[in-house]
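Input: a single structure, listed below in structure tokens.
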Amino acid sequence: MLFQVQMDVRIPHDLPETKAEALKKAERARAQELQEQGIWRHLWRHAGRYANTSIFDVASSQDLHDLLSTLPLFPFMDISVTPLCRHPSSIRDDDR
Amino acid sequence: MLFQVQMDVRIPHDLPETKAEALKKAERARAQELQEQGIWRHLWRHAGRYANTSIFDVASSQDLHDLLSTLPLFPFMDISVTPLCRHPSSIRDDDR
Amino acid sequence: MLFQVQMDVRIPHDLPETKAEALKKAERARAQELQEQGIWRHLWRHAGRYANTSIFDVASSQDLHDLLSTLPLFPFMDISVTPLCRHPSSIRDDDR
Amino acid sequence: MLFQVQMDVRIPHDLPETKAEALKKAERARAQELQEQGIWRHLWRHAGRYANTSIFDVASSQDLHDLLSTLPLFPFMDISVTPLCRHPSSIRDDDR
Amino acid sequence: MLFQVQMDVRIPHDLPETKAEALKKAERARAQELQEQGIWRHLWRHAGRYANTSIFDVASSQDLHDLLSTLPLFPFMDISVTPLCRHPSSIRDDDR
Amino acid sequence: MLFQVQMDVRIPHDLPETKAEALKKAERARAQELQEQGIWRHLWRHAGRYANTSIFDVASSQDLHDLLSTLPLFPFMDISVTPLCRHPSSIRDDDR
Amino acid sequence: MLFQVQMDVRIPHDLPETKAEALKKAERARAQELQEQGIWRHLWRHAGRYANTSIFDVASSQDLHDLLSTLPLFPFMDISVTPLCRHPSSIRDDDR
Amino acid sequence: MLFQVQMDVRIPHDLPETKAEALKKAERARAQELQEQGIWRHLWRHAGRYANTSIFDVASSQDLHDLLSTLPLFPFMDISVTPLCRHPSSIRDDDR
Amino acid sequence: MLFQVQMDVRIPHDLPETKAEALKKAERARAQELQEQGIWRHLWRHAGRYANTSIFDVASSQDLHDLLSTLPLFPFMDISVTPLCRHPSSIRDDDR
Amino acid sequence: MLFQVQMDVRIPHDLPETKAEALKKAERARAQELQEQGIWRHLWRHAGRYANTSIFDVASSQDLHDLLSTLPLFPFMDISVTPLCRHPSSIRDDDR
């Protein structure tokens, strides 16, 4: 099941630099792990903004929450979630 | 080059039924044609709403405009456009 | 899987009265049918407004869309969808 | 009488970790106590967000306020309240 | 129990004048009847706008909905409802 | 002359507790003094929120400003002001 | 007493031209009459928009409402009202 | 003096086709005339939307208003105006 | 040329008191200087809020920016600017 | 390819003055370098606000992101991006 997730990252300027870097590094590792597992299906940067649009392929809303809420940068992200489904005009089998 | 496009369709209730049906049929044919050409890369319905999220792969903003503004339902859609680019944590080659 | 759905109904004042009444009657019948099947789990009116909060229990976002988009009043409703999951502090087994 | 309450939790990043943990633990205990008493009727997490939708069954707006304003995390929550009532199409006796 | 209700009236310009006048006259009669019963406790016009702030004293959210949804101008009003309760600094006994 | 005033209180979490308590105590004393003088006519808490709706009866906008801007919690409140006047359907003499 | 009033005019495109012209002519006559009386103190057009900012000098909110609600274009205007008072840094006697 | 103007065009679906076409043709002629005079300095389409960003070079706000309010499509446009001035980091002489 | 400027002042609670007082005193002196020069034509307080509406009479947008951006409280103000021009129904010569 | 970019700068008041000055100086140098290369085509200040409208001429959304995200003030800017294309009524060859 697919969910569109928009993440806007807002790291406070008074967060220590080393802590911020560690969080970003961990976030990147986790993002790549989930992509390799086919769960984080797409990941695009919004041009000019510290934000992304992601497509997740999960078994349930519960799985989506468990993944998102344990992302290292979760406390510093504004997240919006849109449940997707197959479009009747789609010709692509796995855009379900 | 990728663009995320959200389309919210609002067909006025006093548009004649036959005209509405003709527009929807033409929209569907055009959407499938553009998908087959690899231009309209993804097309997902928002669950519960007459709206979709689409990913277009075009050579320029101009091409994007020419495609969107000639869609049969264009006069009845609220459209928002977000230019996308490659995310540094992406592992997928064609999510550029 | 649970989804919270808010529906705001806006019936145009120039829709013929008989058509409006037929749609409302069909909507009611369908709503009760889905409640009896355990799919439309909760249905509450917002006090003072032509709007409701509903909780749907469906197998997927696709099922949710198929149900909502075929409601008789669908063309006259503004709908927002929030995917829900189990709260770690919940003590109620079926609030998953 | 039923009220729909949405709580968005925003804990400042410079709140000491131990204080934050103590508040969350106390919040959980209180939430479960109120659920056991049948007052906090439903409690759902919004998938992907530090937010919940709750349904409270209380005798009055005053009781609702006394409960919400004494929650341990109250100072760190954005709260919106929607009074609910029975929907004429509801078939469920206790969704009053 | 007190509720603050804001009503913004929007009568379509193509509603027949006689129908609009009949609705306004009926609305006025009903508003005065409810005031005389002590239910519609306060009724103030917003200076310069076709809108009002009202305070209702009702036994429940259900009663509030039954009153508001049967007002003659209900189909032409945007309504927002705020449940009120006693303020700890209030010195007025019936502002409960 | 009546004004509807909504006050949303936002006390920063890093304001020293003793200062916050002193401000709240002073606010309460001032609110009660103005109520006793018949100036702060109504004061209601919004159920579930650190906010209130107030009705002030003052001789002018200037008097309103002088009262509000010297409230102890003024620096920590978002305030919106709506000038009220008599509603043609009101039957209550002092709701002018 | 001064009030800042913003008026956004929205005349429906299907209002008969002669009716629209008659309303505009009457609006102009009334605006000039009120300016001559010193009540409509300032009247500025927003560059590029069918909107204005006005300053009214009236004895009360009631007087303001009686003036605005009887303007010929009132049914076609979105109006917002801001009560003004003397600024402590003002050096102009009649900007009270 | 430069002004940034955003125009969102919304032509009602029930405006007769011939009238709409005549307005668009007149709009185009006027836009080109003003460009040739160096007044309408830039004119860009928003990709995917019936909207544009324009830069006007005029002697005053009054001139801007006189130009915009007489555009053939003015009654069908939502317009927002931003006064611009020279940026201290600009190296381009005529971006004043 | 006239511009309407709204300034909402938000002084952070952790700005040292002496610095805040110095800024306010300097702001006041500058505001009065500009009023005496006929540039800051009107200055009104919004009743109940730390905000003002001002009318500036300047030769250009550039002059307006140079004045506003050097106000002592500029870093702590949210500012919105509306270019004004003569209203066709105005009877006042200097409301140009 | 042209993009319209709006940048609203918000420098926290507790950022050390020397750091803020260094960032602004670096930002200015980078802005001028990009202007000289013809990439940052236009740069205008919004009169009265710490904000600008910029037009970038880049080969792709990716190039735009790489430029914007490495601006020295990027962490302190709210940025919105609008892809532009040629307007059919434009007479200017390089406003493509």
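Assorted remarks:
Residue numbering begins at 1 within each chain, and the chains themselves are lettered A, B, C, D, E, F, G, H, I and J in the order written.
The rule is simple: contacts are C-beta pairs under 8 Å (C-beta built on N, C-alpha and C of every residue); 3 or more make two chains touch, one makes a residue touch a chain.
A quick note: this is a predicted structure, and the numbers were derived from the prediction, not measured.
Shared contact partners of chain C and chain H, listed by label: B.
Centroid analysis (C-alpha atoms only) places G farthest from chain A.
Farthest from chain D, judged by the mean position of CA atoms in each chain, is H. The chain pair with more C-beta contacts between its two chains, of I-J and H-I, is H-I. Centres computed as Cα averages put chain B at a distance of 27 Å from chain H. Distance between chain B and chain E, defined via averaged C-alpha coordinates, is recorded as 44 Å. Chain A and chain G have Cα centroids lying 50 Å from one another. Multi-chain contact residues, meaning those touching two or more other chains, occur in chain B at positions 2-3, 14, 45-48, 61-62, 64-65, 81-86. Pairwise chain contacts in this structure: A-B, A-C, A-D, A-J, B-C, B-H, B-J, C-D, C-E, D-E, D-F, E-F, E-G, F-G, F-I, G-H, G-I, H-I, H-J, I-J.
Partner chain G is touched in their complex by these residues of chain E: 11, 13-14, 45-50. Interface of chain J with chain B (complex): residues 1-3, 60-62, 64-65, 81-86, 96.
Within the complex formed with chain J, the chain H residues making contact are 2, 4, 27-28, 31-32, 35-36, 42-48, 52-53, 55, 82-92, 95.
Residue ranges on chain B touching chain H, taken from their complex, read 3, 5, 12, 14-15, 61-62, 64-65, 68-69, 75-76, 79, 81.
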